[in-house]
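Have a look at these structures, which come just after this line.
Below are two complexes that have chain A in common, paired first with chain B and then with chain C.
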Partner chain A sequence: MMSDTQTVGSIPTPQRGLSVRGIINSAGIGLALLLLIVFFSFASEHFLTPNNITNILTQITINLILAVGMTFVILIGGIDLSVGSVMAFAAVVAGKAITLPGLGPAELILLATTAGVLAGLACGMLNGFLSAYWSLPSFIITLGMLNIARGAALQVSDAQTIYSFPRAFENFGSLLISGVPVVFLVALVLVLLAWFVLTRTVFGRIIYGIGSNEEAVRLAGHNVFAYKVAAFSICGLTAGIAAIIYMARLNISSPIAGIGFELNAIAAVIIGGTSLSGGRGSVIGTLLGAFIIGVLANGLILIGLSDFMRQMITGVVIVVAVILDHYRAKLAGNG
Partner chain B sequence: MHADTLTASKPSASEPAQAQALLTVDDVHRAFGGVKALDGAHFTLLRGESHALVGENGAGKSTLIKILSGALARDTGTITLEGAPYTPANPHDAKALGVQVVHQEFNLLNDLSVAENISIESLPRRFGLLDKGEMERRARQALDAIGLTELAVTTPVGRLGIAHKQLIEIARALQSDSKVLILDEPTATLTERETSRLFEIINDIKAKGVTIVFVSHHLDEVFAICDRVTIFRNGRTVTTENIADSNPSQVVQHMVGRSFGERSRDRETVEAEDPVVLRVDRVRTSVCPHEEGVSLAVKRGEIVGIAGLVGAGRTEFLRALFGADPLVSGEISLHGEPLALGGPADAIVAGIGFVTEDRKEEGLILSMDLSANTSMASLDAVSSAGLLNFDAERKMAGDGGARLDLKYSALSDPASSLSGGNQQKVVLAKWLARNPQLLLLDEPTRGVDVGAKAEIYTILESLANQGVSMLVVSSELPELMTLADRILVMADHAIQGELARKDFSQAKILALAYGQAAPDTPASESA
Partner chain C sequence: MKLFKTLGLAVAGLALSVGMAAADDRPVVGLIMKSLANEFFQNMLEGAEAHEAERGDYQLLAVGMQNETDFESQINAVENFITQGVDAIVVAPADSRAMVRPLIRAMEAGITVVNFDVALDADALAEQGVELAFVGPDNRAGAKLAGDALGASLGEGGRVVIIEGNPGADNATQRRLGFEDSVSEYGLTLVDSRTAHWETEEANQVFSTMLTANPDIQGVMAANDSMAIGVVRALESAGRTDIAVVGFDNIPAVGPMVEDGRMLATVDQFGQQMAANAIDLALEVVAGGPQLEGWVRTPIELVTQ
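Up next, the complex of A and B:
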């Protein structure tokens, strides 16, 4: 009996990690990006030039790094509004460290990098701990952190911009390898790392699981609290890394850096097809989302639109992305 | 149950079969993506008969009805109506050809009158204005035709009860020249009295030469008013039988593909010397109002049922045993070793699995694929150093699926693509992957159709035969009486009594559940 039903084993299953639906989603975003690039190439002769490409890559680096961490947080169904401020705080801490007297440049760079990254990590951990331990909405907790970290950055720096860093550090920020900024390569490595973690590891599996059905994950014996803290910690960590990159690029460390950066990072994640309610999305999408924002910003200015128009258009893209996500969610729901 | 009141119409089922074929469905197929909803449907509708379509959820009945009503196109196969090919492009076509469907969900406009609703598809006009008199005259006629003489046609539909709304749907359907009237689960929301009224009307309609197709889950109704029955399973027609020559258990057997209700335990009782696996001593949950808590013991390979009313504390008790909610006091021991539960992880490591009441909220990650859902509680077994081994995971899911006869098209499909019964099998596969010694099951067959239910019982029984102990909470007494070796009845967060298999009866269980019998163990003093 039941011989007419499909059972087990014999059916070849498509490759895992990147699901078919995931590929289609990413392909759609990639196509949108491609169309943008084609459009701007025709609209402006300055767009597809080596110089401008280097420009775009440099411009999207910080946002991309922040967005990689943000992807983890949004995948578990959270949000981190504090990354801009945390980045400033980490930059100020690293700035203080890198201008300490009596140390050699190599030691200073190592010390400052460690201090900045740890400062970001600590803020993220605190975000995660506070929201996960008391099951509070991360929106509120990180809104608090947005203010706390900004205040701390101003306090620590005495509201002064810090500058005059070691020459090697400054050079790193503007170093190119055949036209590609090294800082962008750092961001790209982070993307690949995050992609690997999210698709190939138990950790990533549980991150997705928590965003889809936290209770089911908990009842399967996993420590949801620890994974939530970890997701926010990763977001803080990437804010710390972004701070270092930011300092190396601009050769300053300012307590008022990164204002509003959290919104661009969230936008990159959402445009990239990650669901705001968690559980669905990919960091490859985030990469494409960051590119779309960067290409739009650059291209719209090149074709002579005002910065105000650019803002409006970016806003429209975000809204469209969320509407698309709504339909994807429906599709997924119908299975 | 009320068949005796309805037997007046019991047919003789002796019409010569081929002579009066009105509608013939031959080898109809229809797939949605990879899922074959209809995989060879055959049946013949005789003029003037009432013909039941039965089958489990997902057996293909509703797809066939949609095809007949023009809402869906078929992929292959032929349908003939009165000898001519029947291929309605849309429901309007189908109606024009004389095939009408009354759906489970009504398409009535609540604020309009009965007359307006009946005529809505072709409102009579005079000089371009609505001809109200004609509309009401037609509606009156339509209502009289089905015996609803007492109902005023000016009544707003919103004021009518469900039974009357259903009848108005029928009246509307019959207004045009119907040859075939398809009733899709017409009695689902009706009371017994309304049902017998509906049946009288169906018999009247039939007497007027309309052929009735009757879709129902209630076999007693099928046997009360139908002449013949066609049974569907997995998108195929199993057989068509004359009601007069059949009986309900034979039909169920066709529906599920096996005989149902028998127990497949290889021993009837758990032996006295079987070792105790779980011992629970005065366990209190945070909602338990008294000091005694719950105490019980489960032996190896024993299925212990827990009956009780909603709110008796059964789910809370299971959750506490699994460490899902904190224990206020009391002790749990597994194989004689005390078990300290800091969370579900401790219970899982100790060999306990928990099939929760609500698989969508607590059991499955619907958007994730079958492999990921199966391995969710055994990720250590399919990974090394934190890296997932997808081959091992697929094997785990494939083996689990084979063991439970899971029906799916690919392991990479999301869990949401499966039917309720198969989803529940995935939940079971998740725990079986860990070879648990104790399974806690909370309403294990809720929202699962009758065939999958039978399969799940077989699975659980064979697990018990292999030595897995089980605590089963269920609100369906027949389920507990089929599965359990022993039933404990809970009320007010305490065990009110215990019934051995030979003493099982719904009356005894309910009496205990409603606290009508004194607890058979004297309650210890409480604060």
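Up next, the complex of A and C:
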């Protein structure tokens, strides 16, 4: 099992942003992605077409947004199992807001976006507070939140699909700028923001520090509690943003949306080379990890593989990624 | 300690509800449904509650479960109902094999059992030497209604794909078979068939990729409306208006889509009345009527523009 918030003695290199080894790690994942792309390009004539690239970008957007937030939580040595449910809760809150009577479309969109994002943020903050205040494993706290948020989503929506949003909002989800979905650009901006925060700010360095040696960070006089709450809050915030994107893309909000999405988000982070024990990894890796999952899901359908084989291969890729991570950890330990 | 307190409360609650059941001489019907997170069952529950209030001559105890595959809580519910001594159990089984044995125990305890929505496995029932009637829609015939509408619109040789429900779920299998019946009857070409686990977002992703692989698709058969919504959105994003979509369930959210032609048709199986109808039948048996036999088919209807 994953050790939660406990320090892992074998990783003595805290406070490191984008190191040389980090670049090599990311390059390894990039190479794997490149190989996949080359393989599918030869295997299917449809793979490397403009339309399909647009499709892949749209398809990875929600997972990528969730995975960006998840990266922060995993870097501090935690885990967030609730993001799928929190996304559904945020979507339902935003859905209720955006279908309120008597308001103009612009007001509705603004209100709904704010409400959805805040709902996600609140859930994340609660996750962080509960696990950090009592030093409880985030695995269990967020498992609780998984149920709380799902139940709340069903309660608020009375288990009904919410639909009929303002036209402008519905169109936003399929808007393209020279073939690139705007929703993907939103995700990309989040990746760049996260990359900047993690590698270029004190906040980021402390996030890495907590994951590799929490006690050292505490002894250096930092408020570890606040940083942990912040990491989970960021994760909840991205779940809220993902909820808005979900609604814009599908033009509904459903209380049963996002079941199991947390697992895909965690998979993207881990495939991207971030260590489950914390302290090591990068959000650029997460971006590549989300691409690997998305390219696999897309390419395996294009070459006509059955659903069951597809599921198996995705599983194999996750296992292989974790085994590679094991060797990377060893390398980091010896280096 | 807290655990014991909760346990104590639960026991007290159970004793209370048993006491209530005994004090009231109206018959008690235990209704066991699948996931109340599914709006189909949520609507069904509301229909049953309205029905109880309207008839007024029976008492309804309803339970749902956490998710579609959580049949253990259904088994627990059957056992609780046996303990409480209800007169009838009306059940939509989450697993058509696993539920057979607990329901036989209920029948042995003298409880009238009515199976609705999804039929219990015929072989498993025969193995146990029992016969149990089934009250519910013909999912296969329903899917064929939708499939036929698509077949009639496309004509022979039309290229279609199927978006399936959860692999292994009985209604998913029946609906797929119904679509395949239409495919052979209308001489359609089935290009691909994949699951999207009943879910909008997955259907959106899976279908947009299927469309890339087979741009010449002319029709889509989705095993429920949630997935049909995902398909419609994928078509809108791809700027395709030449592909016909049919769904199943007639949930409110697809109303506008059928209205403006983004969907060709869906199928209504009147879920809201389904539990209520099954309860009516159960109460007739409890009142001394004849045992139900075979398959009591409930109405299905094609919904088009």
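For this structure, a couple of remarks:
Convention: the second predicted complex is superposed on the first by the 318 of 335 C-alpha atoms of A that agree within 3 Å, B and C clash if a C-alpha of one lies under 4 Å from a C-alpha of the other, contacts with A are read in each partner's own complex, and residues count from 1 in each chain.
To be clear about the criterion, a contact is a pair of C-beta atoms (placed from the backbone, for glycine too) under 8 Å apart; a residue touches a chain by one contact, two chains touch by 3 or more.
Please read these numbers as outputs of a predicted model, since none were measured by experiment.
When the shared chain is aligned, chain B comes close enough to touch A:Arg280, but chain C does not.
Legend: residue contacts after superposition of the two complexes on their common chain; A:Thr201 is shown touching chain B, with no touch to chain C. Contact with chain C, but none with chain B, is seen for A:Thr58 once the two complexes are overlaid on the shared chain. In the superposed pair of complexes, A:Ala257 makes contact with chain C only, with no contact to chain B.
Legend: residue contacts after superposition of the two complexes on their common chain; A:Leu110 is shown touching neither chain B nor chain C. After overlaying the two complexes on the shared chain, residue contacts for A:Asn213 are found with chain B alone; chain C is out of touch. Judged by the touch definition given at the top, the superposed model places A:Asn223 against chain B, while chain C stays out of reach. Here chain B touches chain A in the complex through residues 39, 234, 236, 257-258, 322, 324, 343-345, 347-349, 354, 356, 361-369, 371-372, 376-377, 379, 383, 386-388, 390, 393-394, 398, 401-402, 405-414, 416-417, 430, going by the rule given at the top.
On chain A, the positions that touch chain C within their shared complex are 44, 46, 49, 51-52, 55, 58-59, 62, 150, 154, 158-164, 173-174, 246, 249-252, 254-259, 297-298, 301-302, 304, 307-308. Interface of chain A with chain B (complex): residues 1-2, 4-9, 11, 13-14, 16-17, 19-20, 200-203, 205-206, 208-209, 212-213, 215-223, 279-280, 332-335. Against chain A, in their complex, chain C makes its touches with residues 36-39, 42, 67, 167, 192, 194-195, 199-201, 204-206, 208-210, 212-213, 226, 229-230, 233, 236-238, 251-253, 256.
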